[in-house]
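Chain nomenclature is as follows: A, B, C, D, E and F, assigned in order of appearance, with residue numbering initiated at 1 for each chain independently.
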Amino acid sequence: MTELGVVYTDIQRPDADDVAALSHYGSATIHEAMGRIGLMQPYMRPAYDGAKLCGPAVTALLQPGDNWMMHVVAEQLTDGDVVVAACTTNSDAGFFGDLLATSFRARGGVGLVIDGGVRDTADLADMDFPVFAKAIHARGAVKETLGSVNIPVTCAGAVVIPGDVVVGDADGVVVVPRDTVAEVVEASKAREAKEAGVRERLAAGELGLDVYGMREKLAAKGLQYR
Amino acid sequence: MTELGVVYTDIQRPDADDVAALSHYGSATIHEAMGRIGLMQPYMRPAYDGAKLCGPAVTALLQPGDNWMMHVVAEQLTDGDVVVAACTTNSDAGFFGDLLATSFRARGGVGLVIDGGVRDTADLADMDFPVFAKAIHARGAVKETLGSVNIPVTCAGAVVIPGDVVVGDADGVVVVPRDTVAEVVEASKAREAKEAGVRERLAAGELGLDVYGMREKLAAKGLQYR
Amino acid sequence: MTELGVVYTDIQRPDADDVAALSHYGSATIHEAMGRIGLMQPYMRPAYDGAKLCGPAVTALLQPGDNWMMHVVAEQLTDGDVVVAACTTNSDAGFFGDLLATSFRARGGVGLVIDGGVRDTADLADMDFPVFAKAIHARGAVKETLGSVNIPVTCAGAVVIPGDVVVGDADGVVVVPRDTVAEVVEASKAREAKEAGVRERLAAGELGLDVYGMREKLAAKGLQYR
Amino acid sequence: MTELGVVYTDIQRPDADDVAALSHYGSATIHEAMGRIGLMQPYMRPAYDGAKLCGPAVTALLQPGDNWMMHVVAEQLTDGDVVVAACTTNSDAGFFGDLLATSFRARGGVGLVIDGGVRDTADLADMDFPVFAKAIHARGAVKETLGSVNIPVTCAGAVVIPGDVVVGDADGVVVVPRDTVAEVVEASKAREAKEAGVRERLAAGELGLDVYGMREKLAAKGLQYR
Amino acid sequence: MTELGVVYTDIQRPDADDVAALSHYGSATIHEAMGRIGLMQPYMRPAYDGAKLCGPAVTALLQPGDNWMMHVVAEQLTDGDVVVAACTTNSDAGFFGDLLATSFRARGGVGLVIDGGVRDTADLADMDFPVFAKAIHARGAVKETLGSVNIPVTCAGAVVIPGDVVVGDADGVVVVPRDTVAEVVEASKAREAKEAGVRERLAAGELGLDVYGMREKLAAKGLQYR
Amino acid sequence: MTELGVVYTDIQRPDADDVAALSHYGSATIHEAMGRIGLMQPYMRPAYDGAKLCGPAVTALLQPGDNWMMHVVAEQLTDGDVVVAACTTNSDAGFFGDLLATSFRARGGVGLVIDGGVRDTADLADMDFPVFAKAIHARGAVKETLGSVNIPVTCAGAVVIPGDVVVGDADGVVVVPRDTVAEVVEASKAREAKEAGVRERLAAGELGLDVYGMREKLAAKGLQYR
């Protein structure tokens, strides 16, 4: 049962080298490498063009229109962390802006993924502090009701356990469970290697029909050329 | 990490009497009694007017537009179970209709909660087989890709562990963790008792301002009457 | 400038006979009779089938996810009033349920129009307390931040001045300025009378092309029959 | 190229007995029987509970917020026709209400499918004049710009040629090409017969896994029971 | 009651120096400085990256899909004005493009805020004529039905009186009542000064928990660290 | 009736010089020049800023979440072709990414219009391979069910016949029937010439009221200046 009003101060993070290795891969590659799980809903968009992030999740469960826990979570950050903020119900308030970005960065935070709204997006772009959010909304938040920090949360349809790695780029946000990071790096590497070979063949004009050997299966299903 | 291609056949269910007791309370009451957690997104709507359900969750993780696991989950049902079907990504295909409803009912199932589409809704109403869904869509599903059965899933924003109790009615769908059902029943009962007293006073014309003792706090915040 | 934290206790209401006369007309008729102004956005829907209301507006400006002002507005109701609740920003929380409906009714209120969410909709249907809302949501509201009562508000795109008459039915919600109620009744009556004659002719098989004399204008615009 | 400003007065309709036979089948069954083509988008909903229709399409291409062609199309109706109204761009105005319903009925029309808004929905329910629409909107339409009647149109994502049969019910709206009605009736009949047998077996407690012989393919794909 | 078919030619504008002073502040700052009122709905977005505007509103009330009043409003512009265009009902037609932008600019206009669609957005970016709109839509508008110019309008949920100042940037659009501009400038200035101090402390690694003195209140609410 | 499982290998394309001439005009101009038909829904957006395309359509009808036909269509491309991909029902899966872009380009393809999702959008921008899509989604597609290639399709509300020319830019996507390309070029040219003259007059400060001679008609409709 989701706990409210608690802050876990001691979470386990994955190996930093594994996180660094994972940061070379895009969200689509990683999602495929994981067998097509762990993807957040496609409504999660970068707050500015070119925003990208990769890091262990420190989580916050917010109440709707209330960003109190964003200040609580700031204290729990260590170098390289990404804040993943969920909400007990849907809310597109502007929970986050340049002041919190300044605070997060000063404490080691390298980005934010939030199932809600943000503001000061021009400042975020100037700071190059990457944010993935559901909405952009100038409307601010109150500080009245407790949520929690560093409990498992559901953010944009994906479960995030503190210490899981989140990767965000132009294609979306994907969550990699903490104890699978190394293997996902390997799988991503393998996938990219395989894709590189395929890309070369396709660029040379070969068809996917032949590269992937699809013609027989298509014919078996009854595809007719006229 | 979410597993694909597995079926857990032995899940723990809550005490049947507790489930029966819980069924007397509505989703809004239960949600409040739990401290405002566990609620699915409000896009989950009854497939017909008056649909209501309460029972332990047997879960299915579906692939988009693919309802193969719905047939797999049918075998795992026991009397009183509710199927909770999530999807690895958003999809509003018609995953479910009167044939599956017939099958679920024959195996003891008492309802469905699905983060996707359903069809044959007139038949579902005639059968009075309660369904809560994201969409109504005549478009059918394929049977090509494995998902899983009885793993933890995220359905419409709420985490559901097999054996958790789901309660659905006109106001929405709420999830009660298996080992808290008894206490949530008590909390719901207490809440209803308290509300009954308040309702009586309000019906007699007393104001919430007085019943809840709000006037002082409002004045302290600076409310002015003109 | 919209005031926050104020309650106006002395508003002017339209003539009760005019309101009673207006209640015989539907929202579509009234909207047409007014020259196609005053209509709320079409996302405003009845909370249950058959809900209908007509009465002078007592207004509340709510903060997102906060229904404190709903208790304040209850005290300002007189017989026949409809509460019109707007919000300082978009919010679909469940601001209203059966307890507030009980209170509003006990104080003379005959309905609610709210640019937000409501719950306990089965109870509202049982009570036949008409509600028009943007959403149905079991999620409750907090009581922390002041809004206002009986100031002009913008609800679902329409400006509502306290004392304006709101009319809601299956087709939507329309707002009639207080000092135009009598003339809108006349215009609605005239429109219905005219429509009755047209309806009779159409029912007899005459075409709108002829009843409305459209053929010439269509031909002038170049319509060609083939 | 879509023609504007034309009315085709002589369209071919399918055999009336075939249409009558088709009317016994639901939209989901027909959609399946056709190989899963011809379905309109799921945002098309009945304007009142229980609305159902089946008949040859007489088409209108409307301009946004303009229902002039609805009067033109009325003249082209013969007994049993359904009007299918598309729009040159998306528009949710209230293009249709009880007066046009009266006119359509008087001229033989048995329903409307419109990729736009309608109003007077309580009257439509009272008349039991079935309508499937994108929106309910009290806002009326103007009569200023020419569209066309009885040209091929795209309505809610489906192409409709005049004389095609449209079938609408609680699950959606499907379009059956005119010269395939008889074969779709046969395919629907075959599908229902097959489903009846399956339903009986499922109702008796047999599993879809066995009825459809899925176990081998699931095992081949690697499904594991734990 | 909203008037149709009228143009007010003599509106009062705020002091130009106050408007110039206000233009140094962003929409989020101003919204906060005003006490969180006056914000348009977050669906209002800049038509191109980097668009910003600040100026007194000259208003137009449009009919759906009809941009006739855009030509009428052009004549009412003086240097520095922003056109605020509302619609009598929701419509996402392309009411505005490069020709009207050329005309507005030639007459002194410095931007547009429209609760509807626009087109020629690449040209608008090239011209750097800032536009905030609900939609981008190539579909053009007709010129058939009268609206009004320089009456109070409701645009994207906010009331705009002619002469009010509208400020738009990446975070949204906010409306400042004409006779409060000077005080809002002061409040914005004060807010920025206060934020500058906070920003410095946060950048140095201090926590919001301490800067804002939140720890005591959090503890009082029962927050637990584990 | 839409055929499934077929590939037409011999389609007619318009004159290449006509296509080249058409490419000088924007989607809004062309849409107007065609009399306001042929426009796709406004939810079709460029996958990256500045994407533009113009070319004859080679069509693919996809199944939801299944991009098998994208490999089949690659073989049918000739220099300058644009792939137009529709789906048998709504689906926002990521049907297309950088590998298919590489393949399409190698075979002569110059862009994609798809009523579904795409991914690898940063790569698409780097390649400058223009794509117009409904969604950006990292989620990949399966290859299980046959669709068709080079049959007429409905894409985002517009009918596309193989060989029709599609033009996409920041304002949307428009479809020009194959045998009207030359005349649409002429009409676009005429429109631009006319607009150039108008633009010059507007830029000089003349009003649309005078340039278009609107004053008399406005007065006739009753417009009043106060």
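The rule is simple: a contact is a pair of C-beta atoms (placed from the backbone, for glycine too) under 8 Å apart; a residue touches a chain by one contact, two chains touch by 3 or more.
Protein identities per chain, from UniProt: A, B, C, D, E, F = Putative 4-hydroxy-4-methyl-2-oxoglutarate aldolase.
Remember, predicted model here, so these are calculated numbers, not experimental data.
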Go through the assembly and pull out the chains touching chain A as well as chain F. B, E
Self-contact between copies chain A and chain E, residue sets same or different by half: different
I need the pair from E-F, A-B or D-E whose contacts repeat those of A-F. Over half of the residue-number contact pairs should coincide. E-F
Count the C-beta contact pairs for A-B and for B-C, then tell me which is higher. B-C
Measure off the straight-line distance from the CA centroid of chain C to the CA centroid of chain D, and report it in whole Å. 32
Centre-to-centre distance between chain D and chain A (centres being mean Cα positions), rounded to whole Å: 41
Approximately how many whole Å separate the CA-defined centres of chain B and chain F? 42
Distance from chain F to chain D - Cα centre to Cα centre, in angstrom: 27
Multi-chain contact sites of chain B, meaning residues that touch two or more partners: 36, 39, 42, 49, 88-90, 92, 137, 139, 145
According to the definition of touch, which chains form touching pairs? A-B, A-C, A-E, A-F, B-C, B-D, B-F, C-D, C-E, D-E, D-F, E-F
Mind pulling up the chain E residues that touch chain A in the complex? 26-28, 31-32, 36, 39, 42, 49, 169-172, 174, 195, 198-199, 202-205, 207-209, 212, 214, 218, 221-226
For a test of understanding, state which residues of chain A touch chain B in their complex under the given definition. 1-2, 4, 34-39, 41-42, 88-90, 152, 154, 157-159, 177, 179-180
Under the definition above, what is the set of chain C residues touching chain A in their complex? 63-65, 88-93, 137, 139, 142, 144-145
Residue set of chain D touching chain C in the complex reads 5-9, 49, 68, 70-72, 74-75, 92, 94, 97-100, 102-103, 105-107, 117, 119-122, 135-140, 143, 145-146
